[in-house]
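Worksheet: the structure to be examined is printed underneath.
Letters are used for the chains, namely A, B and C, taken in the order the chains are written, and counting of residues starts over at 1 for each.
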Amino acid sequence: MSQNRWLATGNFYTTYREEQRTFSTHLDRTIFTLFLVLLFAWPMFFDLGNKYMFVVDNILIAIVAVMGLNLVTGFAGLISIGHAAFVGIGAYTVASVCRTMGTSHELVTHFWPLLIVLSGLMGAIFGGLVGLPAFRLKHLYLAIATLSFQMIFQWVINFMTFFNQGQTISIGRVYWITGKVGRGDHYEFWYYAILVIVILLGFGIRNLLKTKYGRALVAVRDNDRAADAMGMHPGLTKVYAFALAGFFAGVAGALHAYVFRGVGFESFTLHESVSYLAMAIVGGLGTLNGSFWGPVAIRMLDLQVEHLSEAAASYLPQGTNLATASKPLTFGLVIVLFLMFEPRGIANWWRITKSYTKLWPFRY
Amino acid sequence: MKETRMVRGLMVLVLLVFAVSAHAGEVYKLGFSGAITGPTSDAGNPLSKGIEDWFKYVNDTKMLGDDKIECTIRDDQYKTDVTKRNFEEYLDEGIVFYLNYSTGSTLGLKMDFEEEMMPTVPSSYHEGNLVNSNYIFIPVATYSENMVALAEYVTKNHKGGTPKVALFIHPSAFGRGPVDDTKKAVAAGLDMDIVEVVEHGKDLDNSAMLKRLMSKGVQYVICHTVQSPVATMLKDAMRLNVNAKSFGEEGKLTFLGAHYTGGADLIALAGDAAEGFLWTCSYNLTTEDNEKSKKQLELAKKYGRDDKAANSHNYAAGILQAQIPTEAILRAKKAGLEVNPENLTKMLNDMANGFDSFATVGPVTYSKDDHVGVDVVNIYKADGGVFKAINSIESEYMKKLRAGM
Amino acid sequence: MVYFFQIVVSGIVVGSIYALAALGLVLVYKSSRVANFAHGQIIAAGAFITYFLTVDLGVPIFFSFLASMVITFFLAMSVERIFLRRLIGEPIISVIMVTIGLASIIDGLIYLTPFGTENFSFPAFLPTTPLTIAGVSISWTQLVGVIITFILIGGFSWFFKKSTVGISMRAVSDDQFGSMSVGISVPRVFGLAWATAGLSAAAAGCIIGNITGLNFDTLHAFGIVVFPVVILGGLDSIMGAVVAGIIMGLIQQFATGYLDGNWGLNGTGDVAPYIVLLIILLFKPHGLFGIHEIERV
């Protein structure tokens, strides 16, 4: 019975190897593959227009960043209120190459995958550095240490002429095998590029969590003293969690720089850090698929509220105040309501749906 | 009974169809994206109201005949990401002219304006907007022009020797931009000594800074930032009794400020401490109580704006920002050209014989090399709780600097 | 030398205002272990309520000051009742995010009023001529601010030390289960902690509003600015907040007074507290006066 690799009504694992499989049934794998094919295929059939393609790109970038945040805050339990600053480190890595070598230097336009990885590494280095206080600090004190990093980052960018004092630093258009990626294809091109990166990183996390390094993160979150007693080094694990999160953030930052074709400090403020946290929470902390749900939910909410309040403003003559108040209002309400009524986030709904369909038509 | 109602309904329907078809002029789409909430929204909010009201007015008074302007107004909360999204959407919708807001987003989207060849009027009067740009049209004198004009005013009216000046600026590129130009003006021969450039923080107390300036013999402080820090500084200056009672008083500090430092908001924040503050602005203030300001107040009244918005110079800024594309469309129509971004840019580039706006103190002119609309600035002085015009100047040194560029 | 003393005095003045703004954070954290990121918004709300009562309704400023403290008292209490009571026992990240969410909600509500975007200032009610002693000057607004700060802080210290309610609040912060077993209503204590925090926030809002003028962005930023202060002082110590507030005020004033304008540096006053904070935390992970928690597996 357990040999039916297509359908399973429950868990029949007999070895750890079986339990650690990425897809528990062939059906799962097939559905997932089909879903991936769909993700790659749909832009060929629907034309979303630049605006919405841009929104989609933005969501994907946020997914990369939130995956990192989920590693450090969700899996390792270390609150980071400075994630946007790490994203900024990545973006400014690309920007500083542009500053020193010119906006359309070959390194920027042709070797962009290399630069994206480099940005990730820079993010990781800074992540590790900022994580150093984690050797001694805990809980809220650590959270405020990351907040300090956010503030110092903003000050440095705003102050240094090398970074154009926070003003936009332009980034040239990239080349692909087919030649220069023009304006018409820009957002679609980056959709595919980021999608590939998201898939790679997603599998990366999935597999990481099966190794001892991944389990160490969770162990340190649940009880770092117990983890210590079991032979892990909580301090190092925390620093490495920060470095890992920094890597994801750095990659997201580089992508942000390329998609926006410019880096300005407004995109990496405290408010953005808070947004990333909100995405992680709404999606579901400590889950991989939560990193996908969260950004989609928050970004779409933002967009829909904008549309709705605009519609409302056309009915109310003096509606501008309402229209502008509704964004922070709904953003706050969504966070608060999720925490009050569904603290495990959208990922929990996904889990429930999955287990329901697995057992259907039986209830348990 | 029932039938008559049906007939009547049909008649109304027919009438409606006719009415619609009779009015079927062209609709020109425009877009504005600005900080209606969030940072700097105290300026952005009335500004967006000005834009909205002017386009309503254009449509209601049939200024363009049967044609209409449809301007979408979006809040970007001062975030460049959102501005970019809005801009992309406007492009998809096929706008003919774009209105932008912040310095950050104007610089950030500059490359897009170039590629799209989209004429743009920003609310940011940053000199740097003009660098490597062919499609950005600044409505009024730039921040640098404001600051240099103030410096020139100081040198002209200062008695005895070289005036010692400190610059009090916003800790960002927005604040620092004009500093370089002022320094260049000094290098070009402006007789002034810049003793110190102060970048303020979120200070609750400026005593340390003011005392330091006093000890260095500074007599004038030229500010380029937003109102709130200036208000705090002015209050501290009054407390320390170092503020000059008259212009250039010996051993005291005279405070002057460029565009965003002054206005009714400054008086609202600083109260009595604002007395004597000199402020440059290219907009006509309603406190001047002239023909121009009456028109502004009428417009505000027509669309039910409250007094605060109606009297704000940012409301005037919004009106002007909307008037520029309106004028370009009018001229394009007059010349029998199709209303599209290319032709509107052309119209603006040929606007040497400018137009007069009731929102500003001088005519709005553009040419191929001059993408700054109103070149004149008024110097206003805070006197008895209102700003009153005392002078009107055009910066000489900025012209020299631009020519030398 | 006068320059030096002026900076010291300014630092102390600014520092005690920080201390007052920080007090609310400490009060909430002390009893309920919640870091309140919406504190800045409550500060702003307090200031706006006072302004509204004084200017739009014509209440004398002294009474509207008291009234706004009462209003924020109940406002903060109801915030606790509606939003935070459900989260007792949830992980720290949830609690932090709830307060961030709350901050966003209050932002939205304030944007519905004119206060969200426009600038106002309190009518002057104190003499505008400053007090000058040996060349060092201090304004009446600042002086009154400092006095109110010390009255409030003294009051709260007494309250925690001597009154029954205060002692029960301390008991709850020490051991929730233990205090329940001796008949203390823990939820009531939490509500009260929030309420007193709201009260102190209104006071802070009025004082800051008097100094800077009423601008929403400036006011709510204080909620974040005071975080280094509370962390430095140790999150659960009122005395720590006062000392750390003054230290931070001094650091800031000395940074602006001596660093800015030299070596091409500028705006160091904003960032110096965070740098000092990071350094101090490396040596004293619980701040200067925070209580070391004993952790067990």
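We adopt the following convention: a residue touches a chain if its C-beta (ideal position, glycine included) is under 8 Å from a C-beta of that chain, and two chains touch if they have at least 3 such contacts.
Model, not experiment: these values are computed from the prediction.
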Selected interface, A-C versus A-B, where C-beta contact pairs are more numerous: A-C
Chain separated most widely from chain C, comparing mean CA positions: B
Centre-of-Cα separation between chain C and chain B, whole angstrom: 36
Centre-to-centre distance between chain B and chain A (centres being mean Cα positions), rounded to whole Å: 38
Chain A-chain C separation of Cα centroids, rounded to whole Å: 33
Residue list for chain C, restricted to those that touch at least two other chains: 111, 116, 266-267, 270
Set of chain B residues in contact with two or more other chains: 36-37, 41, 45, 171
Chain A: positions in contact with at least two other chains: 158-159, 324-325, 327-328
Residues of chain A defined as touching chain C within the complex: 73, 77, 79, 133, 136-141, 143-145, 147-149, 151-152, 155, 158-159, 223, 225-226, 229, 270, 274, 277-278, 281, 285, 321-322, 324-336, 339-340, 343
Chain A residues touching chain B - in the complex, by the definition given at the top: 49-51, 54-55, 58, 158-159, 164-168, 170, 183, 260-262, 264, 266-267, 306, 310, 317-318, 320, 323-325, 327-328
Residues on chain C engaged by chain A in the complex (per definition of touch): 35, 83, 86-87, 90-94, 96-98, 100-109, 111-113, 116, 224, 227-228, 231, 235, 266-267, 270-271, 274-275, 277-278, 281-282, 285-287, 295-297
Residues of chain C that touch chain B when the two form their complex: 2-3, 6-7, 9-10, 13-14, 17, 111, 114, 116-121, 124, 128-130, 137-139, 142, 208, 211-215, 217-218, 221, 225, 252-253, 256-257, 260-261, 266-270
Touch list for chain B against partner chain A, complex: 36-37, 41, 45, 48-49, 74-75, 77-81, 84-85, 88-89, 91-92, 103-104, 107-108, 110-112, 115-116, 128, 171-173, 176, 304
